[in-house]
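Chains here go by letter, A, B, C and D, matching the order in which they are written, and residues are numbered from 1 within each.
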Amino acid sequence: MPSRRFSRPRAAVVVTAAVALLLAACTSGGGGSTGEPSGEPVTGGTLTYASGDAEPSCLDPHVGGNYPQALIATQYLESLVSLDEDGEVVPWLATEWDASDDGLEWEFTLRDDVTFTDGTPFDAEAVAANIAHVQDPATASSTGYLALAKIKDVVAVDDHLVRLEMSAPDSALLESLSQVWVAMESPKALERSQEENCAAPVGTGPFVVDSWERQDSVTLVRNEDYSSPPADVAEATEGSDLPYLDSIVWRFIPDSASRYAALQSGEVQVIDNAQPDTIKSAESDDAIEELDAPRPGASNRIELNSGKAPFDDERVREAFIRSVNVDDGIQSLFFGTAERSYSPLSSVEPLGLSLPDLFAVDTDAASALLDEAGWDERDADGYRVKDGERLTLDFPVSTNQSIPAEQSLFEQIQADAKTAGFEVRLQPLDLSSWYGVLAENEYDLVSAPYTKVGPDVLRILYHSDSITPAPSGYFANLAQVDDADLDELLTQASATSDAGERASLYEEAQRIILEGCYILPLYDQQNHFLRSSSVQGLRAMPTVSTPTFAGAWLVP
Amino acid sequence: MSRARVGGFRPTVTEAIAGVLLLLLVVAALWPSLLAPGDPLAVSHADAFQPPSLAHLFGTDESGRDIYTRVVHGASESLLIGVLATAIGIGLAIVLGFVAGLGPRWLDFGTTRVVEVLFAFPGLLLALLFIVVTGPGVLSSTIAVGLATAPGYARIIRSQVRRTASAEFIDAARVLGRSRLWITARHILPNVTAALFVLATLGLGQAIIWVSSLSYLGLGAVPPAAEWGAMLAAGRTYIANFWWMTFFPGLAIVASAAAATVVGRGIQKRNRSAS
Amino acid sequence: MPGNRHWLLLRAGGVLFVLWAAATITFFALRLVPGDPAEAILGGPGSQAGPEALAQVRREYGLDQPLAVQYLTYLGRLVTGDLGQSYSLHKPVLTAIGEQFGATLTLALVSLALAWALACGLAAWSVRGGRIAWAIGSGLELVAAAVPHFWLATVLILFFSLTLGILPPVSVPGPLGIVLPALTLAIPLAGFLGQVMRESLLTAMESPFVTTARARGESEVRIFWRHTLRHAAIPAVGLSGWAFGSLISGAVVVESVFARQGLGRSLLSAVQLRDVTLVTGIVLVVALAYAVMTLVTDLADRVIDPRTRAVAE
Amino acid sequence: MSGVTREASEGPVLDVRDLVVSFGGRRVVDGVSLRVAAGECVAIVGESGSGKSVTARSVVGLAGEGARVSASTLRVAGQDVLSLSGRRLRRLRGGVVGLIAQDALVSLDPLRPVGREIGDTLALHTDLDAAARRARTVALLERVGLPDAELRAGQRPGQLSGGQRQRALIASGIAADPRLVIADEPTTALDQPVQAGVLRLLGQLRDEGTAVLLISHDLSVVTGIADRVLVMTDGVVVEEGTPTEVFERPRHPYTRKLVDAVPAGRARGALLSGGGAAAPPSAADVERRDDRSLSADEPSNPTFDGAGGSDEGVLVEARGVSRVFHVGGREIVAADDVSFTLRAGRTLGLVGESGSGKSTTARLLLGLEHPDAGEVTLLGEPWNPLQEARRRPRRHLIGAVFQDALSSFDPRWTVGAVLADAITRGRSLRPGPVRTQIADLLDTVGLDPALAARRPLHLSGGQRQRVSVARALAAEPRVLVLDEPVSALDVSVQAQVLDLLDRLQRERDLAYLLITHDLGVALHMSDDLAVMQEGRIVEQGPASTLFEDAEHPYARQLRDAVRL
C-alpha cells in the first residue's frame, strides 16, 4: 500500500529506464543486466572476480563510501529497500514503510526472520545501530553520511518496527536507503574495532567475508542460510536455493592489460573497468560477454570552477564549452561504448534533462566571447592573455577515478582548448593529492563522478551548502555553484512529496546548471563488466548498478 | 677469445651501430624536427589507432598522434632526463668518492659507511621515498633517480681513486718531489675522469630505464608529454588490440639503453688496453 | 682463522649502522614532507583529517616536542619494533609489512636463483659455441640488461599467456603463478650478471691455470665448470647483494603488473596514497633485508674466494 | 697405464723433426728438431719470443689458439701427436706428458686446494678410487719434498710459499707417472735457494728414468742438470751441445752474446753486453772471486761501512731504521733495526728472498714510508723522519728506478711528457720547450729521441726501463735507488741495462742502492752486499768476501745456490 504513493509518478519514467536497460542488454550481446540466463542454474563452483579498482582499505562501505567498496559489499550486505528493474522501490530487509504527511516521520516494518551471519538477529535496534554508525564522525563516512543527513533520530518502536525522525522532509530517503553505503551490518560486529570491522563486515547477504589476503584477494563463501533476497529477485527465483555459487574469489588486478589477459586465459570469470577497445573486441568473441550497467546519479562531466577567476566569468565558461569538441573524441576513444551526454544526470535517471544545443561547438562564438571578456590578446605560444595574465586552467585528474580513455579524452580537450587560446594544465594525481588540490581550491576544471540513486544527487552536487566540506573533508559542489534560486529549487524538490512538482523542480534546477555553463557533460559514468560466457545469471543491482552474484552460476 | 678484448681502436660492427644509434638519439634530442617534422601533440580523431604504415611508420595512438613523431620528440625528454639524472648522480658521487678516496682513514670510513647506507636503499625505493617527500613530477623523479644512482657511482669512483692513488707512478711522482695537490690534479683526477666518462655512458642507459619506469608508475612525466615511459604506460592499456603503441616506445628505450652500454664498454675496453 | 671474528663483528656493526642511518634518513624524510607532519602521517592534505585525529597523532608521535626529543622517541619506538600506524590500511605498519614481506622475499630469491641459472647457462653455452655463440651470447645479455621490467612483463604475458596460453598472466597460487613474475625480474638481472661474468670469464680463460688443466688432460667442459666459471662468478657474487636490492625495486613494478602480493605493491600504493608511515616502514625493512643480504653475500664471497681472507702484504 | 712401466723403451720418448708453428702466417717456430730419450734431460734456452715455449707446448697440442702446427715427425712415446683425436690427445696430456708451467701462483687454480689439482690428474689417468687418490696425492707431495704433505694438500696456492707452490705444481705434473715431463721456466720468480731445490727435484726425476724437457731463459739454471742444451732464437735452434760445449766454446755469436750476458761472476764493471771475453760460469769464477777477496781485508761486522770507516763520500746513512705493519690484527716486521751507508760512486747490493723487507727498506730510504724507529740522513742532514714539506726541496737528490717500469708511468703520458715533467720539476708537461734536454736524456740512456712521442705502453721492456732511468737522472740526483731494475727483463736486455747503470755510476759518481733477488746481478753490480731476511740485515760486507766468511745460515744457503 504505502509504497504506491511513490510508484505512480515513477511509472511514466520507469519505461524509459527499462528501455535504456534493454538497449544496454542488446548492445552487449545478451549480457545485459538481466542477461536472460541460458539453461538451468547449476549449484556449486568458485567464481573469480577481478577488480581494477584500488583495493579498498576497508570492506565496510559505511567507512568513507566509494564505488569499489559498494561493488564488493553488494555481495554480503543488504539494505532496507531495493529497486526493481523498473526503478520501483521494492521491499528488502524492510517489508513495508510509511511516511507522515509532513514527511518528518518514517516508519519501517522489518523482516522478523533474518539473522546476520554472526547469528545476531536483524531487528529495529540493528537499524538504529547502523544509522548511528554511519552518522558517527569517527566512522568518517562520506557517501552514507550525506545520504542520511536529514535523519535526526532513530526510534525502535518494537523489535521489528523502527521510526526515523527527520530534520526536514526528504523525498529521496527511500532511494538513499536502497544504497549499499547505508546497508545493514550486525550491530555486534559494529562494536568491534574499526580495523576488525573493516577486515570482515558482517551482514545478511548471500555471501560471507571469509578471508582477506591483503593486495591479493578477498574470499567470499556461500551464506548457507541465506533467506533475504530483495522482493523482485525473490519472485524471479521462487523455490531455488540462493546463492548458487560456493564461493567467490575477489581479486584486485589494477593493470587493465593483465586483467583482460586474465579473463581471456580463464584465470578469472568476471572483470570490471573493462577498457573500451577490449569491450569492442569482446563483441566478436563468443567466450566473452559484456555487462553494461551505467551508474545512476550524476553523469560523468567536467565541472568548471565558478568560484574563482577565470571561470567566475560566465562568458569564459561558455567560451570553453563552445570551443572543445568532445563528440569525436568519445567516438574514437570509446569505440561506441559510451553515449555522449548533455545532462547533469545519468541516462538511467528518469528525471534527467538533456540540452544538446548548449554544447554545439562554435569556435567563432567562443573567441568572440573571450574577446568580450577581455582575453583579447595572444602570447607567443598562442595562449590568450589579459593584462599580463595567461588564460590558464588547472585540471587535476584523479588517476584512480578516470580510466585511461577518459584521460586521453582530457588530453584531446586540452589540445582543442589550446587552439581557442586556453592553456589547460593537466595534472594526473593520486587520489590523496587530488583531494588535496581540491581542498586548496587550486583547480579550474575537474571531473568527479558521483553516484547516488535519484535526482537528489543534484542537491548534493550543486547546493551552495555543499561548498563547505563534509566530516570526511570532501565537498561535492566542485563547480562551486552558488545560486540562491538553485538552492531554493533543490531544497523544495527534496522536500516535496508530489512527484509531478518534484520532476518539474528538478528540470528547472538542471536548466539553471546547464545554461549557467557550470558543467561540460561527457557521458554516463561508465560501468562496463566483461564476463566469461560460462557465467550466467549475473545481474546489476538497479540501485547503484553494482553486479550481484546472488543469482549467478557457472556453466560447467 | 682474446680477440674479443684486444680489438684495436677500430670500432667493431656492434659498436659502430650503437654509435650511429646514439648519434641519432642526440640529433633527435637536439633537433627533433630534422627527423620528424610533425607535431607530437597534434590530435586527430580521424586516424586514431592506425597500425604502422608508410603514412605512420610506428602507427598512431589513441588520439591519432603519430607515434614515430612522438618517439623522436620523446628522445629529448627522455635523454635530457637521463643525462640530468646521471649528471646529478655522478656529480654527487665524485664528491663522495674523492672525499673517501683521498681523505684520511676515518673520513674514508665514515663516507664509505654513509655511501653503503644509501646503497642499502634499493634504487627505486630511494627514488620513491624522495618522491613521497617532494611529490611526483618530472623534476623530482629526475632528481630522485640521480640520488638513487649516486651511491653506486660513488663506490666505483672511490675504488678508482684508491687504485690510482696506490699506483706505482704516484710513488714515482712523490719521489720526484711532487706535492699531494699536484699529484691529485695531474695524475689522479685525469685518470679517474677517463673512467667517469665510461661510467656516465653506461649509467645513461640505466637512467633512461629508471625514469621511464617512474613515468610508467605515473610518478614521472605527465601526459600528453611524449616521454617514452609515459607513452608506454598509456599504450599498455591498449596492448590487447594495438601492440604498436607499446612496442615502439619500448624499443626506443631498449635500443638507446643498449647503445649507450655498448659505446660505454667500447671506450672502457680501449681505456683499459691503453693503461 | 683469526681475522674472521674481527671481520664478522665489524660487518655486524656495519649492519646496525646502516639501520640507524636508514632510520635517521626516513625520520627526516618524514619531517621534510611539506606541510603539517601530523597531516602527512594521516595521508597528506587529501586526508582532510579532523582536528581531533591530528591532535591524537601529534600526541602519539610527540610532534609537539622539540625535534631532538621527537627523534629519540622515534628511535625508541623503532627499537621496540613499533613502526607506527598506517592510515591507509587502518593497521600497524609492522603487521601490514609482515603480511606482504614473505611474498616479496620468495619472489626475489626465486628470481635471483633464476637469474644466476640463466647467466651461467648462457655463459656456458656461448663459451663453448665459439665466436658466433659468443657474439650471440653477449648480444642477448646486452639486450636483456636494457629491457625495462614493465615492458618485458607485457611481452611475456602476450607470448606465454595469450599466444601460447601455457602460463597464467596474473599470479595464481602454486608454483606456476610465480614463473612469469620471476622471469620478468630475472631476465634483466641475468643480462647484467652475464655481462659482469663475461668480463672475468675472458680473464679466467686466458690465465695459465687453465693451460695447466688442459695439459692435465681436462676436457673443455670440465674446465669451464670446475675452474673458469668459479672465477667468473666471483665479481658477480659480490654484486648479489646489490642485485637483491634491484630485485626489490623491480618488484614494485612486477607485483602490480602481475597483481601479486608483496611489499613492492604496498610501497607503490603507499606512495600513491601518500601513506608516509607505511613508506618509511617499508624502506626501513628493506634496508634491513638488504644489509643482511650483503652480509650473507660477503660471507659467500669469502667462502668462494679464499684470497679475500689471505692477509695481503 | 702408459708410462708407469719404466723398462728402457725403444727409441726416444720425444722425437720432433722440422717442427713449424705459425700464427696467422707468422712463423714462430721454424724447423726445430729435437729428441729426448728416457732418463735424459734436454734444455731449450732462449729469450722471450725465441719460440722455446711454443715448441714445448706444441708437443702436447697446446701451442695456443689459432696456431698452425706442422712437422715431419712429432712423436711422443711412439704416438703421432698431430694425428691424435681430441679424446686420445687428452689421454696423452698428463698421462704420458706432464707439463710444469712457470709461476705456480697463477698456474694452479688459486681457488682450489692443491691436493685437488693433483687428484684431478689421477682421476683422469688412473683408475684409483677417491681414497686411493687421496693417499697417492699425499705421497706425491712428500715425493716432491713438501713438508707435512697432509696439511698442504688441503691448502690453496695462495697459502703456500713460492717454493712449496712450485713443488705442488710439479707433483700435479708427474702425478700419473708421465714418461716425459716438460718444465717450462719452472724456476723463474723463485729465490735462488728455492730454485736450486726445484732443479734438484727435476734431476731426480731424470735419474729415475723420466725424460725431461727443460725450458729456460737462464743459462745458469740449466747448466746443473741438462744433458744437452739447445739454444733458440727467432724460432730457430742456433746451437746444440752439452752445457760445457755451449758455454765454454759457444760457436754461434748469439750464444756468445747470451753467455756474456750472464752477470753471475762477471767481474765488477766488466761489460755484459757485447765484447768482453767469454768466461765459463759456475765453479771457475767462484775462484776468481776468491782472488779478489784476498786483496780486501776489512773486518766484517753487522754495521759494516764501505771504505774503512772514513766518512768520505757518505751520501746516505740509515741508522737502526725499523718499520712494522699492522695487517688484520697481525704484526709484520718489514724492517728491523736496519743500518747501512751509501757512498758516492759505490753500489750497495741488497739481496734476500721476496718479503724479506728489501722493498720496504727502499721506500724508507725514498721517504715513502716513515720509520717507527731510527732515522735516515741525507748528506748529513735529517731526511726521514721529516715532514714531507721540508723534505721536498731536497727530493731531487734521490732518484728511483722501479721494478715494473710500465706501472711507474702515468698511462696517459707520453715519454716526452714524463721527462718534461721531471726536467721542469712538475711545472710543465709540454715537451716542446725542453725538447733538447729530453733528447740529451734519451741519448744518455741510449734511446732514440724520436721515442719521446710514444706512450710507455708501446715501448719494449728494456726501453721502458731506460726511460725510467732517464726520468730519474733528469732531476740530477746523487743517489739512485734501484728496486729490482732488471728482474723483468731478458738476459741480453738485462745486460744492456746493467751496463748502462754501471756507466752512469762511473760518469756521475752516483751512489746506488741495488735491490735484487738475483744474486748473480748483485755480485756483478755491487761493491758491498747486504743480505736481508725477515726484515733484518743478517750479513753485510764487501761483495768480494762476504760469502767466504758468512756465518749466517741463510747467507750460506745463498752461496751454495749460486755454486749449484
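The working rule: a contact is a pair of C-beta atoms (placed from the backbone, for glycine too) under 8 Å apart; a residue touches a chain by one contact, two chains touch by 3 or more.
Worth saying up front: this structure is predicted, and the values here are computed from it rather than measured.
*Asks:* Hey, which pair has more contacts between C-betas, B-C or B-D?
*Replies:* Of the two interfaces, B-C and B-D, more C-beta pairs touch across B-C.
*Asks:* For which chain is the distance between its Cα centroid and the global protein Cα centroid smallest?
*Replies:* C
*Asks:* Measuring centre to centre with CA averages, how many angstrom lie between chain B and chain C?
*Replies:* Centre-to-centre distance between chain B and chain C: 21 Å.
*Asks:* From the mean C-alpha coordinate of chain B to that of chain D, what's the distance rounded to whole Å?
*Replies:* Distance between chain centres: 48 Å.
*Asks:* Between chain A and chain D, what's the gap in Å when you average each chain's C-alpha atoms?
*Replies:* 89
*Asks:* Roughly how far is chain A from chain B, centre to centre by C-alpha average, rounded to an integer in Å?
*Replies:* 45
*Asks:* Counting only residues that touch at least 2 other chains, which ones in chain D make the list?
*Replies:* none
*Asks:* Out of chain B, which residues touch more than one other chain, so two or more?
*Replies:* 2, 135, 218, 236, 239-240
*Asks:* Where in chain A do residues touch at least two different other chains?
*Replies:* In chain A, 255, 257, 261, 264, 430, 433 touch at least two other chains.
*Asks:* Can you give me every chain pair that touches, using the contact definition above?
*Replies:* A-B, A-C, B-C, B-D, C-D
*Asks:* Tell me, which parts of chain B touch chain D in their complex?
*Replies:* Where chain B meets chain D, its residues are 2, 167-169, 171-180, 182, 186-187, 190-191, 194, 274-275.
*Asks:* Which positions of chain A touch chain C when the two form their complex?
*Replies:* 50, 54-55, 57-58, 137, 140, 194-195, 198, 213-216, 251-255, 257-259, 261-262, 264-265, 267-268, 400, 430-436, 439-440, 469, 471-474
*Asks:* In the complex, go through chain C and note every residue touching chain B.
*Replies:* Residue list for chain C touching chain B: 14, 17-18, 21-22, 25-26, 29, 32-34, 134, 139, 142-143, 145-151, 154-155, 158, 162, 195, 202, 205-206, 242, 245-250, 252-253, 267-268, 271-272, 274, 276, 279-280, 282-283, 286-287, 290-291, 294.
*Asks:* Going by the contact rule at the top, pick out the chain C residues touching chain D in the complex.
*Replies:* 2-3, 6, 207-209, 211-219, 226-227, 230-231, 304-307, 310-313
*Asks:* Inside the complex, what are the residues of chain D that reach chain C?
*Replies:* 57, 60, 62, 90-95, 97-99, 101-103, 106-112, 117, 120-121, 124-125, 156, 158-159, 169, 172-173, 325, 327-330, 332, 355
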